[in-house]
Each structure stands twice: as C-alpha cells, then as structure tokens.
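In this document, chain identifiers A, B, C and D correspond to the written order of the chains, with residue numbering beginning at 1 in each.
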C-alpha cells in the first residue's frame, strides 16, 4: 500500500479521529467548553463576582441554577467565566511548556553527544523537582498574577515534554526513511520538520492532552496552598480550594467546579486517545 | 472431539459452499466455493487484497461474528464450522488445523522463548507435560531441520534467523499432527535461496502425515509445482478452479491468463505483460464481473456476475472463457 | 557493567547539584524570610536583626550556599531555622519513610485497579463499557488530591467511620494498624495513577493486540483469557513501566496535598511547610531527597525495563 | 485548694477597682485574619466544667488526644509569637500569677507567688511557694525568678516580649523564696506581665536547662507546670506526660497528652466528629453551628479581647489622604462582615476596645456616635473632600491562612470589594504566601491589608504599641502626638476611672484620623467531646489541662 504523503496524512488523520466514537465525544465536550468560555457573558445569569449576602450557600435552585457559594456569588456564572481561566491557564501553560520542552527535546535528540547529555541532566533536574514546589517557589519569585502563574506551571511541563520528545526523536532518527531522506540530500532542517517532527507529533499531542489536566490540577493545588489566582477571580481551581472548607454544609460549592473540571479532563483524555489512535499510522493498519 | 468415525475416501476433508464474508458493509468474500480432499494440496492464487488470507483465517475460525458476518458453509471433516461454538472451535485450532503465518518474526511473541510457545499446543491439545513435552518439542524442531534443537528451545525469537523462525512456525503448526495445514504465503518474507528449502520442507512434512494443505500464494508458477489443484481469486470472488498443471498450461479465465503472462519462466524469452489498472478497492466494487474493467474481452454481458461453470474437472466464471 | 553504573552515579550527583542550586536561588529570590515568619506579628527590627545574623542569613549568598553544600556532603544537614531541629533526622528518619510507605501503598492500589480497568476498556473498545471504564478511571485523576482526600475523610472517616482520617502509625512497627491508617491517604494518592495506568494499559494493549503473534497464539488454540493476560499483557508491561517511571515524579505532587490533608508528617509536607517558611536548608534537603528518589526510581525502572524486554536483557 | 484572700488585699492596696487589664499582643503567625483569638466574654456565660460543679468523683489517668490546627513556632515562652504554642506552654510552665475566670470577670490568682506585697506603686515583693521544683529537679526559688525575668528584660537577648519590663529598674533576691521588683514608674500593666504564658514575659524558665540546651530549649522545654514535655515530631505530634510532683495537690488528672498538629482545619473538625481526637484547640467559624448542634460535642468560647481591622498605609499611596481613609471607615457594612466573614461568630467593632475590657468597654456604644459604623452619607461626604476624585485602586495584600487560621485569610478583602466600590475605591487584591505577605506588611510595601490584634485584656496592650508613633507594630506609619500623649498618660496612672477617660479620648483621636477601619470583635472557640470533663474555659485563648479528666 503506497505511503500516503505527509500533507494528506493530517487531513486523513482528522477524519480518522472523527471516526472514533470516543474521540468524537471528547472533541464535542472540549468544543462545548471553549464555546462556554467564549460566550460566558451572554450565557451567564449573574455577574460572577456579585455578592448576594442574603443568598449565600444556597443549593441549586431556579434563581441560581447551580447554587451559590459562601459569598452568595452565583456558581453557574462563575463556572462559565472560570472556564476562561481554566482553559487559558491549562492550554497556555501547556503550550508554553510544550514549545520549550519540544525545542529542548529536539535539540537534545538531534545534537547528541555532550549537548544532549547536558540538556538531559538539566531536564532531569527539572523533573526531580516536585512540580508543586517548583511552581510555588517560582511563583513566589515572580510575584502574584495569572501570567506569572502560567509561567510557573509551564516550567514544570518543560521536563516531561523534553524527555518524551527526545526519546521519540532518537527512535525516529534511527528509522531508515530519515536516513534515506538524508542520503537524497534533503537539508537537515527540512528533515527535522517534515519527518522527525511529524512523526513525533502523536506523542506530543497525547502528552499535551494529559498535561492540560495536570496544569489545572496543579493550579488548584496552588490555591489550596494559598498562592496562585487571587480571589474573587472566578477560577475553578480557586473555587475548589475555597469550597473545601464548606464541604459538609455546602458540598456543591467545590463539587460543581470539581465535576466540571472532571468532565473536561475526561474529554481531553478521550480526545488525546482518539488522536493517538488516528495519528499513529501503524496502529491504524494493523487493525 | 477425536477423529469422526466416517472417513471415506470420497468425502472431501474440507468444502466451502457459497461462502461469503462481510466486514461491516464491505463484502470481502463473495460466493467462494471449493473442495479439498484428504492428502490433497490446493493453492489459493490472486493479487494481494483478493481475500486469500481472509479465507485462511476464516477456515481456522479467527474471523468470526461479531467482527465479521458469514454466509454459506465451511464443512471440515464432516463438521459445519460457521456456526461452531467457540469452545469446540478452539479444540480444532492448532490441533486438527495448523496455520503457518507469512512473517514468522511478527508471529512469534518476542517476550517468550521458542520452547514456551511451542509447548503451548502440546500441553493444551495433547496434555504433554514436563520432560516428555520437552522431548517432543526437540523432535519437532529437529524434524523441521533446526540443529542443536535443545539450545534453540531456550532462545528468544529475536535470536533466530528469518529462516529459522519460519521453521519454528512450521514446527508449531504441525505440533499436533493436524489433518489440515494452512500456509499463508509461508516463504514470501524469506530470501529466495531459503524459500525453496522451506517450501520443500512443508511439502515433505505434509506428505509424511498424508495431511491436506492449503497454500496461499501469489506466484502461479510456484503453485503449479506445489499444489494438486489451484483456485484463482479476484477481488473476493473465485474466478477459476483447475488442476495445477492444466491451469498453468491452458488458463481459460482472462485474469488467469493475464497472471500466467506475467509470471517469469526460465529459459523462455518473453515480454512481460503487466495487467493494466489495479485490484478495485473493496468499497467500490463494480457490479457483475469484477475483472471487467481490466479485462480485454469485457462486453455488455459482463455486467451480470458470471456463474462458476464446472465441467467436472475444471470450472471458470466468465461469459467469454 | 561498573562503568555504566558509575556514569549514572555521576549523572545523579550532577542532577542533584543542579536541583540544590535551583532551589537555593528560588528561595533566596522569593520575598520573605524565615525570621519574619518566626516573629509573626511580634515583628521588631532588633529581634529580626539578631535572629537574622544568628542564623547566618546575612552572609553573602555564595558563602551560605557553599557552607551548606560543604556540610551537606559531610552529612551535617544543618538545623531548621524555625524549629532548630536536626534536618537529617527530620528529613531522612522521619519524613522520608512516611512518604515511601504512602507512595508504595498507593502504587499497589493503583495497579490493582488501573490495570483491569485498562484491559476492560481495551477489550470492549468503543463500547459503553470502554467509555465508562475510561471515564471512571480518568475521573479518579480529575479531582485535585486535596479535594478527593477531604471527601474521603468526611464520607469514610466521619460518616461511615470505617477508616481513621488522621495521623500516621508506622507500618514497620504495627503493619495492620499502619496500613489501616494509610488506607484513605493511599486511595487519594492512588486515584491519580489509576486513570493514568488504565489509559496506558488500554493504549498499549490495543497496540499489542494488533500484532500477529496474538493471532498466532489464537491459531494455536489458546483461550481468549490466556491470550490477553499472558501473551498480550506481558508485552504491555514494557510501555507501562516506562510511563510509570516518568510519572513517579508526579507522585510527590499528590503526596504534598495528601499529606497536608491527612496530617501525615511526610516529605511532601516537610518541603511545602519549609518552602512557605523560606527555610532553604530544609527545602534543599527535601528536594535533594526527592531528587535522589526520582533518580533511583528511574534507575530501577531502567533495570526493570531491560529485564522485561528480552532483546535488551541479553545485551545488558 | 485554698485560695489565699490575696486579691482583695491587693485590690485594696492598688486601686479601688483593680480591674485586671493586660495584654498579650499576639497576632500569632497563625492568626492572620479572623480565625481569631481570645478575649473576655460578654453576655453568654462561659461553660464552667460540669463534673466539678456536681462534685462527681473524678476518674484519674488516661491519655487525651487533642487536635491543634493553629501553628506553633517554639515552646520557649520568652520567644514565642504563636498562640498555638502558648496553649501548650501554659501546661508546661507557670508564672508568678495566673489568669482565672469566674464566668464574668477575669481574675489574677497566685501561681508560683504565694503572696504579693505592693510596698508602693513602684515596688512589689513576692513570696514564692515552698517546695516547687522544675521538671529536671532544680528548685524554684527567688534566684530562678530573678534569672528568668532578667533573661527577658536583657536587651542583648532581644526577646520580643522584653518591652513588658521597660520600666523595671531592678529585680532583687530578698531571701531564698522572696523577690522584689522595683519599677521606675507605676506600671498598671504589671499583673498582666506577671501571669504565666499569657504574659509570656512572666513565665519562669529553668536556667540550667537553658544553659545546657541553648536554642534547643524551645524544642524540649523544662518548666514547673502540671505536664512534662516528652517529644515533638515535626509536623506530626507533641506529647506531654503528667508531672507527678506538681505543686497543686492531686493535679493533673491525666497521665498523658497527645497533641496532633493538623494543618488542614476541616480535617481537624472531621477528626473531632470522627472521634479520633477528644478536642480541638481552635474551631474554624464555618463549622461552629454544626458543632453546636452535635450532641456529642461541648463548645467553649465567646467574644474575646480582640479586633480585626483594615490597615491603610499612611506613609505612601492613596491613603495618605485622611479623608479617603475616613470614607473607607464609614463605607464598611460590619453586619455583612460579621455574617459573611465570621459566619455570625463575631460582633461589629466600633472601637478597638473589646467587650472583655469591662470598665473601658461601653456596651451601648452603638447608640452613641463614637467609633466607626456604616454611614454612607458620611462616607460620601469624606470621599468628596478627598484629594483624588477619580477611581482609586489601592494594592490590597492578602495571604490565605494556610498556617491553620482557617479560611478567613482572603474573605474580608472579598467582602469589602463591593462596599468600597460604592465610594469609588476598587482595591487590586494581590495574593501571596504568608512569608511574602509579612515581608510586605513589615516593610510598608502595601496600600491596604486586614489583620487582627488578638488575646488582649487591657486597652494599653490593644492600642498603644500598635498605633503610637514609631512603635514596631505601627505598620501603617500612623503618627499623632496627641494620641501618643493620651495613651502614655493612661499607661502611667493606676486610677481606672482616669484611664477610661484618657483611653476614650485617645480612641476618638485615633478613629477620627482613621489609619485603620474597624471590623469586628471575634468569638474564639475550643471544642471537646462529652468524654472530656473538668475543662475550665479562660477567655484568653488558653487550653489548660490542669483540671481536665476523661469520663
């Protein structure tokens, strides 16, 4: 069967992804979240930071579809606005970490020898650092603010990306077709982009999918430790952290954002699995 | 279930009647029919994608509902296989029917030693244990021409050469003296020098047991040498069945003739005539005779599917044969 | 193979050195210092200065680091500023064993639940069972550990009273009691890994089932269970080990939150408290230990992986 | 336990109504914000332990398990700043006097000092109990008291509680069991300073142990109290055991005390309800209603001597303008703060003087016009007079109460936002961890912050060191000579009536300048299971186990 050319592979990849039922579910949910985040102002029923003192800690009702938190703020509206931050922090930090990590991984994988050795020891150092502490210390240095939070989280993703990309690159580099390309005089730069990067793509995409969920969990952990997003910003991680103190009286305060986060993470994983199955040609053929 | 009581000569060991197989909406096999007598060898010939391997897997029961939909019948040694319960079918596999895979390297589990994988059919079907089983395994390896068999037993597949691995495959398939051996292109993954040896080995082992064999091949000339009869497949349909020699000498179906034309013969000066176009994808199968688009004698009549007409010895499915 | 081992020891030393420099610099740059915390609201300039100099925090950074490193290497890990406790005793004798027990117990639970869930969702691919098995498994790691911990405390601890929700009994002293105390924290920590293990098992099982040797095994008459659990799973172990090796670093992230919620005096708690108090000597000891743990785990995983993969086993 | 009728003698000698005011300025690292601390009750009678009331026979022995959710720093009384530590210290040490509570008023009773002769308003002679020994066997004599007081007083040791003895010129050993204090000026605050842990400076420590252990003394204290120190496992637990030769007869009843250190407040409450601990050192506000309802739990607590406030930087930034500060003070709806910030477990604060400071506190201040209260009209008036008429965005530094003081770390800032928006003040909230927050507060790098001064019993300790010019805890940099004069004068006179007048005027000056905006006086709770008997509640955030037994 003739090897499909790379360009059409991505197009064909997407249709393959769509073919998988679970991936379809995943993509649908993620899309719903993105839309909710974009159209939050129109979908929300209340101003997310409006405190209705008399209506604090109310269970879901007609007035407040998903209940209110300990300040009387409407949880449904905060959930929508919170989606913005969750996606921004989640995808932002992962993309940043990915770019840096992939660059490091590629460099290490391709350069080999002393540079690879040095880079991998730096990466090991990053990985050896407990993620939460790395983020907390780095945030303490940078000072408060969501942008600093994204940098802090991104730092703890550089390690894993670099590591997986490097091992993928080493594997791909050994493949005959890369050697063949080089023999045909294809410049190294183009080889890296066309052959190595595209073959490494499935691994990166799956990593990214999983990492987004880790990013949001880490951010919630930071709120738990008392650093990170400043209240009253509507943010899932903060809502869960703040809600923990009212778990017996008003479990929905932390429960609802928790469930929202859980559904997003399930969707991301389904999407990631779907992408993995679709973009990884070998698994497709063997079926 | 041991051998069935009635084993007359004339009842064929294996017979496929109007056998069709569909995977989802795609009809992979359409109305396949042929018979295999005891001690006989038959070859399934056709370009890749014609459904040769599918037939092999269907016979041994590795392609069954719910993955695929079956119609028609496969009778083996008097037993209807299409509806057989999985528990019974499992007792056939590796015991009464052996399968040799095309690429032995991929068909041997990298994490287990040769001995461990060889021992499986022996213990499951013949109940052999311990030393007796090990002794039997060594004999089997020696019977397929593997030297220092005892050493090889504890080796991992990646430590053997391609040819050696193929021999192990054969030993495994023949471990329980099956009545039917199916060899799915057993030599195409090997280099030419070893191909002949392996093919010779299989034939010799099959004849030694007066077992029947199905060879899945894509080389008409090889089929002619090795098989008693040959079935030609095109896009999931049987287009011609005939004794090997006659088929090779006087192919009647246009597709078989075309196949004959592009197989190289030593000492013959000939211009190779590749068949124009390629096997149609299983999704967009033309109505009627599926070879029509590539057939030089195609006519309006070919729009209807030609029946398989038999004259007692040969049969062909073409309005103009 | 001594030279490979020596190389790895060398690498470890360099990694830990890098980690210690990074944590030192981070904590020094971070605003706030242990002394202002110790004085709390009773802050006054002169007690601040006294303590600041007494603890040697006024020396130039370079001096502070090199003295710390010099002592650290010779086994004197110094004393914590706030509690004046010997850090080696605190970190190695007290905090490390707690985290190790918790992590081990959690990993066992995660494997016991994660692998079957992964196999189920692989075998029943794209059916409702696959979706719900993946969903449940992934749901486990969708909640931050601290929240999951608190829910478990209130449901199983206070509500049903099945498990203690607080404190630590050393399993090496009293195994039954120790494990009983560690059950809820272990579940909290394991939840994260169940999802991960299930997903990796599903993916690699699907991949392995596509190979011909599975078909060959069935062709030999092997039963479905044996084909999956012997032939297929044996090959799934390899990718599973590599992923777990990479992910074990994250174990401490979960441990930090779990230990805080369950009041377990582990490494995670120690490092977090010390970071918040800007006690750089304690943080460095903790991070060095977690770094060492991380590297050792990776070495172990490499060895396990080499043993698992026959092709490599013969080379090593 | 016969009580020598010393107090009336002292009361007659010192002043007509020797109302004991004193302070323990604490702001424990743990108490940033409203988890709050101790003061004296008003109205709701304290729960005096039941067993003793009915005279049931007390069951001796047993181990009590307690949950500590407020953080500890050191167990060295002269260097601790955490109330979490003080609750432990008060079970391990004694002072010359001790604080008691009869349900209505705080009292001072002899502890190590049997007799207190006030020769004049500057010279005091104390006669010590006989036969009292430290846990390591050293005798408790005049020499030990002198050494201990000098340890705190000596500037070289730089104890943060040294200021108690600023006016102490000398401490002399009269004889084996008699010691004389000579002050340069009358010191109305003395009783406070001399009580055990709450006074910190007055706690008597063991010289030989300190010389042997040095800084480790804080991790293995040796005192004279009812319980001896056994062990402290970092981040895990502290264990105390019974001091067999404690000088109070038959006490203590318990054999052993296990204190679990818990960082996550809700886990602590869960442990209490789950029966894993017999008591909690502190109860987060939001759990109080639930514990009140639970039949198996006894809750001790009421409004104590504290106040929470919003500090505004007088040195730089928008709040240098007094009118803007005044606008903030009158824009805050304290009922919402009480209901949402402290879940109803507090009362609005008009002035820093809290209800327990009986003679100084005016119970019907609400009816007067004194102090800060919600008055939007007045707030807008001040706002219009303010220099900057545009929208003001002051930097509001907050820190979550991770160190155990519950979730109120950022609650106040969130509740204030809508209130201040009405007067065109939209604070920019900056969250950081406690270390960074303390650094910014101590160095004035903020425009606003909120905190609480806790466990005070006397106006002196609750406003003087916080708002006098140049004092260490005057973080906002407030300075008003008239205020300094008034509080200085009030500290030097013993006549309570005169002190009331002076403090009222000082408070009015302070609140008019409004370097702070008053918030609330908080209730502080301890909770025990019904199994625990004989706990004597003292509204100064103490958890004395002397008389506690397990039913």
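Basically, a residue touches a chain if its C-beta (ideal position, glycine included) is under 8 Å from a C-beta of that chain, and two chains touch if they have at least 3 such contacts.
Model, not experiment: these values are computed from the prediction.
In terms of the stated touch criterion, the partners common to subunit A and subunit B are C, listed by label.
Between A-D and A-C, more C-beta contact pairs are found at A-C. Look at where the CA atoms of subunit A average out and do the same for subunit D: the two points lie 47 Å apart. Inter-chain spacing, taken between the CA centroids of subunit A and subunit C, is 21 Å.
Distance from the subunit B centre to the subunit D centre is 91 Å, each centre being the mean of its Cα atoms. Here the CA centre of subunit C is 40 Å from the CA centre of subunit D.
Multi-chain contact residues, meaning those touching two or more other chains, do not occur anywhere in subunit B.
Counting partner chains per residue, subunit D has residues 266, 402, 432-436 touching two or more of them. Residues of subunit A in contact with two or more other chains: 136, 140, 143, 225-226, 244, 247-248.
Contact between chains, as defined at the top, is found for A-C, A-D, B-C, C-D. Interface residues of subunit D, counted against subunit A in their complex, comprise 265-266, 284, 286-287, 289-290, 336, 339-340, 398-402, 406-407, 409-411, 413-415, 417-418, 429-436.
Partner subunit B is touched in their complex by these residues of subunit C: 211-213, 215-223, 231, 234-235, 308-311, 314. Of all the residues in subunit A, the ones that touch subunit C in their complex are 20-22, 25, 121-122, 124-125, 127-133, 136-138, 140-141, 143, 159-160, 163-164, 210, 213-214, 217-218, 220-221, 224-226, 237, 240-241, 243-244, 247-248, 254, 258, 261-266, 269-270, 273, 276-277, 283, 286-287. Chain contact summary for the complex, subunit C toward subunit D: residues 30-34, 36-48, 50-51, 80, 82-85, 90, 94-95, 146, 150, 153-154, 157-158, 161, 164-168, 260-263, 265, 269-270, 273, 276-278. Subunit B meets subunit C in the complex at residues 57, 60, 62, 90-95, 98-99, 101, 103, 106-112, 117, 120-121, 124-125, 156, 158-159, 169, 172-173.
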